[in-house]
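You will see chain A twice below: alongside chain B first, and alongside chain C after that.
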Partner chain A sequence: MKLLTLNFLTCARKTCKSLPAAFPLHPKDAELEVVETDFNAPFLRNILGRLEWDALKTLCMELGLPNLPPSAPEPEALLEPGAEMAELELERELEPTQTARDLHNLLLETGIKEGKLVCGNCGHEYAVKEGIANFLLPSHLV
Partner chain B sequence: MLPTPSTSHVSFDRVYEPAEDSFLLLDTISSASETAWLHQRFFENENLETTPAPLILEVGTGSGIVLAFVTANAQAILGRREVLTLGADINYFACQATKKTVDTTIAEIPPMSNTNLSTGKFLDVVNCDLTSPIRPNSVDVLIFNPPYVPTEELPDLDNHLKYNVPQDTLSFDQESHLLALSYAGGSLGMEVTERLLSQLPSVLSSERGIAYILLCAQNKPEEVKARIQTWGMGWRAEIAGSSGKKGGWEKLCILRIWRGG
Partner chain C sequence: MLEYLIRFSQIHESFRKPELEALASFHGIDLEVLKYEENSPFCTVRLVSEKAAYTLISRSILAHAIYELWGVGTDYPSLHADVHARTASKSASYKDSSFRFTIDSYQGKRNSTAQRSLIESFKYFGFKGPITMNGAELQLCIFEDYEQKAEEPFMIYLGRLITGSQRQFMDKYNLKKRRYISTTSFDSELALVTANITHAAAGKLFYDPFMGTGSFPIACAHFGAMTVGSDIDSRSIRGKKNRNVLSNFHQYGLTSHLLDNFISDLTHTPLRVSRCLDGIICDPPYGVREGLKVLGKRGGGGEEVVMIGDKPAHLQEGYLAPKKPYSFNAMLDDILEFSAKMLVDNGRLSMWMPTAAEDIELGIPSHPWLQLVSVCVQPFNKWARRLLTYRRLPEAEIDQSIIIQRREYERDGTADELNAFRKKYFEGFKEI
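Coming up: the complex of A and B.
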């Protein structure tokens, strides 16, 4: 499951669901996988506003991934004017910055293949198998 | 719109096979009148450069045919680029099937086939009960083809954890249980739908949230619609599409539920 998906998930127990401590879920014994996808700058720009940046920072730290900057990048920080093309002097292509490439790799290409997701409030562990997280609970925990 | 996604790889002895209800959902959500409504909802007074990408959640994806179609046609349906899609199903085998259906559908779109309309970004499918692990206030469009057939009882959820285990060969009881989850709706065929309805006010985005829910005649759709309109807080419901007219009665219909104008 993609790391971006974790931005939309919390503990499935009713008593946890809306509590701040239940988000983000904490990965445990996670085996990561990287699946390449096409870079899409407009897409990144449009998901910036949906990201819980602090949760994402926590996630990176817990997965042993490179630290994220303290706050989310501004949309303008995703693209920069690239090299001027020699033949067509007026044409300048916008190129993704390193920040944009890192974010693309983190959110859309990096995923948890196997492992567990742990609720920070109740401690319940949800298994992830073949990239599918299982949030089903025995009836006494619902 | 792109064609109907292929689900030929799915084992229909453990996952719901697309039927008239699935096709009514596809037809309704991609109809001219509905896309016009959605385009206005997601376009109006919004600066496309800055509004966050909408999240579409399908609950009970089954084979994945609806989620794959909506992902492939995201821009044609919502009228904007950069749409996220997510699936949820209580049946692990349905989760696996959905993932494959969506990934294959997206991979097989020939370049330039869709007049440059962009596809949505498919996130994942999670194995869960309705919207239980979805963060409150996060879903912009929720789609639900529920188990709507009136039945004496609901499948025993205490057996579910035991039956919902990844494996190649399933027992008859296991397959019957998994299929019953896809159609058995209990009293009036509404027991599961009622639970989903009660989750809508918290799971849908307070600004943009919309839900499409399929109902059959025995579910008494007009009564469901009238009841939603008594929720207050600007909640509204309309019948957005229907099929199977028999003697003046619509067999199936799609209810659109939303807040505001």
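Coming up: the complex of A and C.
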């Protein structure tokens, strides 16, 4: 389960879903894996504005990953310095910045392979096995 | 504005125009359809430029190709007259180009002698370039449209090839060659068409909440989208070693477009409410085989923790969460509500819905935040499935005074009581 996906996931219980304490889920006994994927500038730029940056910072801290800057980078910071905004259409030709590479590595290449995801509100633990998380609930939590 | 001829495949007729219109709106192309009929593979359109024509068709699945229209007529004399009128200036610029002439007769046949003499009848063009079978600079095609069993065509076109489509990819993704499939895997042609109608593209995030073996995420990934999928059935995602959803993405070299798969039930989704999805595609299980199920205990109850020994059952290895039958119509409403909350402005939802043929006029589920874009029908013998596509209205276009009311459904019951379609399926449908 990639770190990007975790930024969109909360507790599946109806009583938790809208509560701030249920998001983000907290990793427990997490074994991380890094799987190389193609750099995807248009996707990275689109998804940047949809991230909850604070939740990502929390997750990195809890996983013992290097600290993130206090706020999300601007989309312009994904391009090589000096590149004009007008060249956005041609960005596949442009070199990604170090910021973009770091973000790609963190969001799209780093994931939890084995472990648990714990709800900060109800304490329910969701298992992750072979990178696939299971969000099914027993009857008493439905 | 210029006129172009689109050569469609004569299959999935009701999907052809919606796919074409979806591609036009995706690329921001002004499209005026001049002539389109469900029983003909030839369609004429007006477009602003050759570039627009190229862009419009280059990722189509149901079109074979698009041509610049050089002439049209109900017989050869009228075709030649129209060619003279339209191409006086055009043909001269190809005087020295390599060229190729072909004939495409729909529901008709010409032997090679007849073909040669038809091609000869255009020798007034005076092309001096070499005849080339592959990659000619000028590729002209004579299109003949015949009524069934007619001797002569009722409509003839001459067109210059601008570009082919992506129709050849339906073969690349053919289920017969896919390593991991199940009985519910979706045919590659209509999966790719669905991805087109839903505007799957590079930079976008697409989600399938009933992914099964991943047919729709694969089709969306083909068009460059990043994909996420989930399913209530963990076995369908995990599959077996080297035969699972991930291995399918591997097979096609698309792993960089697979963000994640997870196991979940849409009625208890872990996705936080946020406008993070560009598109949603699904074929919700109508449960002919097993019945549609969601999390929960059949007949209610189940509020207590189940213990096995001194340990709660749900914390033990191999635990299977109980599932209960659910109303298919309630699920359709759940999908609309979910999509309304999760899609970005103008993001699209496409969902497949089965209908008994006698119920084809029955209501299409609606949500005030979603605008119905198109309805396509794939008919089978006594039932049909429809592809419903919606657009998430931008916030500013939403009428905030409309109160969203959910229809009420049976909460509990057997799979048949909750799903009229399933019941009819097993009763063999009504004769019509």
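Assume the second predicted complex is superposed on the first by the 129 of 142 C-alpha atoms of A that agree within 3 Å, B and C clash if a C-alpha of one lies under 4 Å from a C-alpha of the other, contacts with A are read in each partner's own complex, and residues count from 1 in each chain.
Following the convention adopted for this analysis, a contact is a pair of C-beta atoms (placed from the backbone, for glycine too) under 8 Å apart; a residue touches a chain by one contact, two chains touch by 3 or more.
Small disclaimer: the values here were computed from a predicted structure and weren't measured.
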item	value
Combined model on chain A: chain C and chain B, fit or clash	clash
First (chain B), second (chain C), both or neither touched by A:Q98	neither
Partner chain(s) touched by A:D38 [first = chain B, second = chain C, both, neither]	second
Chain B versus chain C as contact partner of A:N67, first or second or both or neither	neither
Footprint overlap on chain A, comparing chain B with chain C	1-2, 4-5, 8-12, 17-18, 23, 40, 42-43, 45-47, 50, 108, 126, 130-139, 142
Contact footprint of chain A on chain B as seen in their complex	49-53, 55, 81-82, 84, 86, 90, 92, 95-96, 99, 121, 123-129, 132-136, 138, 157-158, 160-161, 164, 166, 202
Residue ranges of chain A touching chain B (in the complex, touch as defined)	1-2, 4-5, 7-12, 17-18, 23, 40, 42-43, 45-50, 75, 108, 126, 129-139, 142
Complex contacts: residues of chain C adjacent to chain A	202-205, 226, 228, 230, 232, 234, 237-238, 255-256, 259-265, 268-276, 278, 295-297, 301-306, 312-315, 319, 321-322
Chain C contact footprint on chain A (complex, rising order)	1-2, 4-5, 8-14, 17-18, 23, 37-38, 40, 42-43, 45-47, 50, 108, 111, 125-126, 130-142
